Structure formats: structure tokens, C-alpha cells
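Take this structure first; my questions come after.
Read from first to last, the chains carry the letters A, B, C and D; within each, the first residue is number 1.
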Amino acid sequence: MENIVVNYLEHPKLHDPIFIEGLPGIGNVGKLAAEHLRDELKGVKFAEMFSKYFPPQVLVHENGLIKLVNNEFHYVKRNGGRDLVILVGDYQGLTPEGQYDLSDRVLKEMEKHGVVFSRGEPGAGIVGASGLVLGLGKLYGLRSVCLMGETSGYFVDPKSAQAVLQVLTKVLGVEISFEQLESKAKQIDQITSKLREGEGQPEAPSKEDLGYIG
Amino acid sequence: MENIVVNYLEHPKLHDPIFIEGLPGIGNVGKLAAEHLRDELKGVKFAEMFSKYFPPQVLVHENGLIKLVNNEFHYVKRNGGRDLVILVGDYQGLTPEGQYDLSDRVLKEMEKHGVVFSRGEPGAGIVGASGLVLGLGKLYGLRSVCLMGETSGYFVDPKSAQAVLQVLTKVLGVEISFEQLESKAKQIDQITSKLREGEGQPEAPSKEDLGYIG
Amino acid sequence: MENIVVNYLEHPKLHDPIFIEGLPGIGNVGKLAAEHLRDELKGVKFAEMFSKYFPPQVLVHENGLIKLVNNEFHYVKRNGGRDLVILVGDYQGLTPEGQYDLSDRVLKEMEKHGVVFSRGEPGAGIVGASGLVLGLGKLYGLRSVCLMGETSGYFVDPKSAQAVLQVLTKVLGVEISFEQLESKAKQIDQITSKLREGEGQPEAPSKEDLGYIG
Amino acid sequence: MENIVVNYLEHPKLHDPIFIEGLPGIGNVGKLAAEHLRDELKGVKFAEMFSKYFPPQVLVHENGLIKLVNNEFHYVKRNGGRDLVILVGDYQGLTPEGQYDLSDRVLKEMEKHGVVFSRGEPGAGIVGASGLVLGLGKLYGLRSVCLMGETSGYFVDPKSAQAVLQVLTKVLGVEISFEQLESKAKQIDQITSKLREGEGQPEAPSKEDLGYIG
């Protein structure tokens, strides 16, 4: 099979769209932020990306049906404003080669839709898809921005996702509820409180040690 | 050489065949079940699949002759019923890329024979060939089912293989003897009993820990 | 994307140029030497090499802009003498395949400019880009030399870089200041002195143990 | 560059040649045997095989010149008898893919010269080039034999190499001196005697533990 297979469910006509990527990374900040934005703005899935660079794995739904792991593109139509494309997914590429190829493919698929890049992934920055979308995008003359949310990286970090989304939604001129993220943040707080009582708080890793993968 | 080489010994004409895959995995449940079914139904080998994704290894027979490690396709003709194709093998692909390519190739070879998929591998489920045959098959519009046998994963598990085959043979409408599997199960029981006396029973791994590879 | 992408900013006309390579390795001797030579001789960047064989990573500048990791070619024009091409970079290839492909590509890009090879990388020698430029160059009938600077490999080693450059600049017939390298060497000396007081001097690794990667 | 590059120095006309392969493996039995046979029979190098599947490494000769790591083909002309082709080398392929590709390439290069295979590598057997030359050769309808010399695998094993060569030379109908191998064997014996005095003899690994790579 080909290294990357992109499956279009629909070819939406988009108005000068902005691309927002949020894939799994440290603290899952970007993934949480992008998925929350998609849910709040009722994004519609229009394409799926499968790849040999992802694990050879299916996820099993509660009804017993399965889903081959992938990355998914969603669009959001906005009256009068620029439309959005939001990329979320189960995994990033497993190898350096896969990372380069997948980010390159995303950029080429998005070019078809006249996308301008705005990086909404906070847990992005240096290593991985987040960096490559910026870096390869620059080679192709695309304007892009990376929003990074501070995170300890010990747990999924809805607070950090919210902080990033507060900046991003202001820039985009949209308003969304943060209720879901705030509720997830409370759950995480309860878990970490219990852990602290039981075992003492783990030391934060020094910035030098944290080989960041976003 | 090519990444995957499929060698046909015979091109059987098959009547609306059902495909059953059982490759090595945790507890070897699927491999045991598929090999037992092939033996009981006197399956005939008609194709061999070699690949760079398998280990660079030959197996040495007792007569000193060798066999390059592979996966093998067998067919079973059934009067009045649908025919079967059974895939067994020495290994699954060693890398994610290999897993995707091999499962993809199996699906494409089977399409030639008008196969409908029924997954008889119980030790299947999530990661590996078992998942990919389901997941990629779905992309190609093929109907498939995965039967999973519960297993501790500590030993090869003929009991679990038998449990799966009891469901599968009912669905297929065939009757087979389970004598061989029951005899293997007794041997395993004797080995585990001795181990328990000697060292105490090992703790079962928690479901969360068990990153399943089938 | 292609495995290696070479981006030309300029196609300089070079007079019988000599190629000097200094990539990261043990003690970073070659990298230090080549970068110092480029700075002192005011080398002009004329090509960038990006690759899937490098880590999927961007570096963030102080102004917040990013740079996709790469290798960079610089030229130095010399009145009356032979011109120079200096290769420096953030990384060597991550895999054996990448090492071979990158060194092969460098040789083919340099052939276009009529380059004769002179290896200014002291931290070169056996394994990695340094060895391959020599070894593959020999296959293509190119004359090349490898200068190696002795180094403990515990720290970046500006003294060793200076020792190599003293030989190289004599051969090339250029004169440069070593002030920057001497100042870096002093800083390293101060750091190592403190470490010795604190923890005792680490034992030097035996030559046999040192699987050299330059 | 291509994955494998074969460089012919000469295209000898060979009379119904027999191919003998001896690459590095456990105890280096095959390598020792094949190199000894080449030296004794004054084999002439006629082709070199370079590859990305070998380490990115050059070897440095005492005169300071370098050699890119490779595998080398030598021929031996025999009056009245069948000629020989002997393959020796610095490395086997580093990956499963490399092992398959290199063995496949060797078989295809040898087919040009009408070679029949006789495996003189004792340290062969199961995993690696030795197994693949047999296994892939069988797929192509080539007759081949694998001679295996017993070895502890702790040290290079000239005694085992000699045992294998005594069988091989009888089959080939050649006579050679074993002086060099006997002298190497004595050196190894002296080293192991000293080690035993110093540290006690290491336990021999059980046959089950020895995942054999030849």
C-alpha cells in the first residue's frame, strides 16, 4: 500500500480557510484544544488520513465496530469570517521519516483548499508534527504561527489547552464555551491531589531535561 | 528483491470463499486455532508469501532440508457450502510498515478469489495483522469479523483456541474433532501445575498493562 | 516529500574550489573548526540541505522565528587562490541509510561546482559522514583528506578544533584569528576545573572502548 | 545512492563455478574458513559490493589510506576442475530488509556466472546471510549446501573453521595448508587459558539460549 492514504468524504468549498492542527503530544495540550474547538464549533469531518507511519492498530468502539487509527480533517463554515480546517488524530508518525512525510502531505492537501496556516497546537514547539508544519511550511512560503501552552507534561492538561484556546479564539474572532475543559481540569486536579497525599508530589523536570515532543 | 513475494503453487477455483487468518500472537490462540482447522479439514497449500518484513531466517527440518520463513495460504473445498481459505504462518511483519504492507497484500491477493472475510483469529483484536485485516478491509468495503479468545498470554493457549473454534465451526457449519487441542491443553496444564508448585503462581497482568499484540 | 531536498539561494561561480566538511561529532571538533573557519573567512551561505534523515525538529531563534534543522553550504572567494566550500550543520543523518544518502548527495552537489575534497573535519575518521565522504569519494575518484583532532569527547573541544585549523589554514594558505576558539577553550577549562574539584576527574575512556562517531 | 552498488574490477570467464560464502557471524567461523581458503588458493578479487545496509564506516589501513566497508567476490581458477567464487566481507546487512536484499543481490550477481551454490560457511545455519542464501536460493531453484562448524561463540574460532574446511576441501577436491589456522587457534587457546586462570571459565550458553546469527 502507499505510505499515506487520504480518503475524502466530501470536498467542501472553503472561504480563505485557516488551518489549525492539534495532535497528541506532551500533556496532550494541542489535541485537547483542537478537539474542544472542533466540538464547540461543530466541525464536519471531510477527510481521513491513514498511514504505515501510524501503529498497525484498530480502536474498538463500544458497539464492537472498529476504526483504523488515523488523522482526521474537519471544516467549520463561518458566516462573513474566514472558514476553519481543524486536524485532530490518534497518533503522530512513529519515525522521523513518517513525521516529515505526514506533515508534508498535510501541507499539500491543505494547499488545494487555499489554506493559510495558524498553529493552534500549544503543545507544539520544537519536535514533531508541530515543528514540521512550521518548518516545512516556511520552505513552501506559507505563513504560520505556533501557540504553545505551558504544561508539566505529567498529565493531560486541559488548563493549558484552555489558555491556548483563549488566545486562539480571540485571534479568530469566535466565542466558545470552556465548560467541558474546565470540568476535565477539575477531574485532573482531584487525581493529582490524591496522588500528592499518597506519594508526595513528583519533582518537576528541569527545562533542560525536557526533550520536548509536541 | 520486492518487499513481498507471493508464490502460487496452484490457482484453485473457489466457491464464494470465506477467509480465516491465524498468525502468531499472544498465547498463539489464533495460530493454534487456524492450524487445527486446516489439519482437521485437510486444507491444501496453494500459495506462499515471503517478505523482507519477516526475520532473515530459515527453519531446518529434521531431514536437514530448510524452509525460508513465510505465511501460507490453504484452501478447503466444501460440497454445497462455501469454500474456505486459511492463512497460517511463522511470523507477522516485524515493523509497522511491514504489518500494513503484508495485511494489504493479503487482502489484495484474496480479492482475486472473491473472498469474504471472517476472522477466525481469536488472538486478534487490537494491534497487528488481526486488527489491520479488519481495519484495511473496512476501507476496501469488505465485511469481516474478529473472534477473540481470552488468554493469559503466559503460554500457548489451546483451550482458548478451542473455545474460538467452537464458535467458528458453528458459524461455518462444519464439524471437527478437538482431540489434538485437548491433548495439547493437558500438556500445558501439567507444565503450569509444576511451575506453580515450584515457584508460586505468577500474577495475572492487569488488562490495562496488556498492550495487546495479536 | 523526497528524502533529501537541496535548496539553492545562489549559484556562485567558483574557481577550482576545495570542499571542507565539519558536522557534529565527538567533541564537536569538526563542527567547531568548520564554523570558526566560515566565520573568520566570512563565508556566504548559498545552499541548504533538508532531509527526512534529520530529526523532525525546528530550532527557535530568539526573535521567535523558527528554522527547520538542516546542513548548510557556504562559499569563500579568494583572490588568486582556490575558492572554498564549507559545509556545516545541525545534525548528521540518523540512520546508516541516511548517512550514506546524505554523504552521497553532498558529493554529487559538489561535483557540479568542480570541487576537490579536503576534509577539514578533525572529529572525523571512522564512523559517520566524515568516513563516508572519504569512502564514497574514493569510489567516485575524488581526492580527499581527513584531518582528525584528538579529543576526550567529554566536552565540546575548541582546543582540538584549533589544532586542526592550524594545519588546515597552513595547507590552504589562509590566515585567521583564533581568538574566539581560545575564549571558548577558556570557558570549557573553567567548567572542567569546577567539575574536578566537585566530583573528581572522570577516567578517560580507553581507545578500545571509544566506538568513534565523527 | 542505490541500496546496493556492485563494482566489477574484472569479468572473469569461469568454468561451472561453485560459490562459497563466509561472512562474519558467531565465532566468525565462516569468515575465517572462507578467508583462509581464499588465501591458500590465491583467490583474485573481481568485484566489490557496497551498501547502505552496511554501517556508515571506513576502515583505516596502516598507510593511512581508507577502505569503505564492503563484501568482496574472489575467483579461483582450477585446471580441469570446477572454478570457485568466494565471498568474504566486513559485515552482514544491519537490518532484516538489508539481509534479504543483499543475499538476493548476491544470488543474482552469481547467476550471471553460472554458479552452483555450495555453502562453505559453517557459522551459518539459521539466521542471517547464511540462511537466506539457502532459503532464497531454493526459491530460485539453486542447489546449495550449508556446512556448520560447532562453536562456543565466545571467541573467533579457527578450530571450527578448520573442521569445516577439512570437509569442504575434500568435497571440492583441493588440498590446502592449515598452518595459519592452527597458529591462530594456539593464540586463542593461550588467551582463553589465561582468562580461565584469572576469572574461572564462563559457563557455556545452553543451545536453547543461543539465538543463532551466522
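Everything that follows uses one rule, which is that contacts are C-beta pairs under 8 Å (C-beta built on N, C-alpha and C of every residue); 3 or more make two chains touch, one makes a residue touch a chain.
None of these values were measured; they are calculated from a predicted model.
Two copies of one chain, chain B and chain D, touch each other, and the residues they use overlap weakly: the shared fraction of interface numbers falls below half.
Chain centres were defined as the mean of their Cα atoms; on that basis the chain farthest from chain C turns out to be B. Chain A maps onto chain B through a rotation of 90 degrees [Cα fit, steps of 5, range 0 to 180].
Distance from the chain C centre to the chain D centre is 37 Å, each centre being the mean of its Cα atoms. One simple way to say how far apart two chains are is to compare their mean CA positions; for chain A and chain D this gives 52 Å. Taken residue by residue, chain D touches two or more other chains at no position, since every residue touches fewer. Chain pairs recorded as touching, per the definition above, are A-B, A-C, B-D, C-D. Those residues of chain D that touch chain B in the complex are listed here as 93, 96-97, 99-101, 103-104, 125-129, 131-132, 134-136, 138-139, 146.
Looking at the complex, you find that chain C touches chain A at residues 1, 3, 5, 7, 50, 52-60, 66-69, 94.
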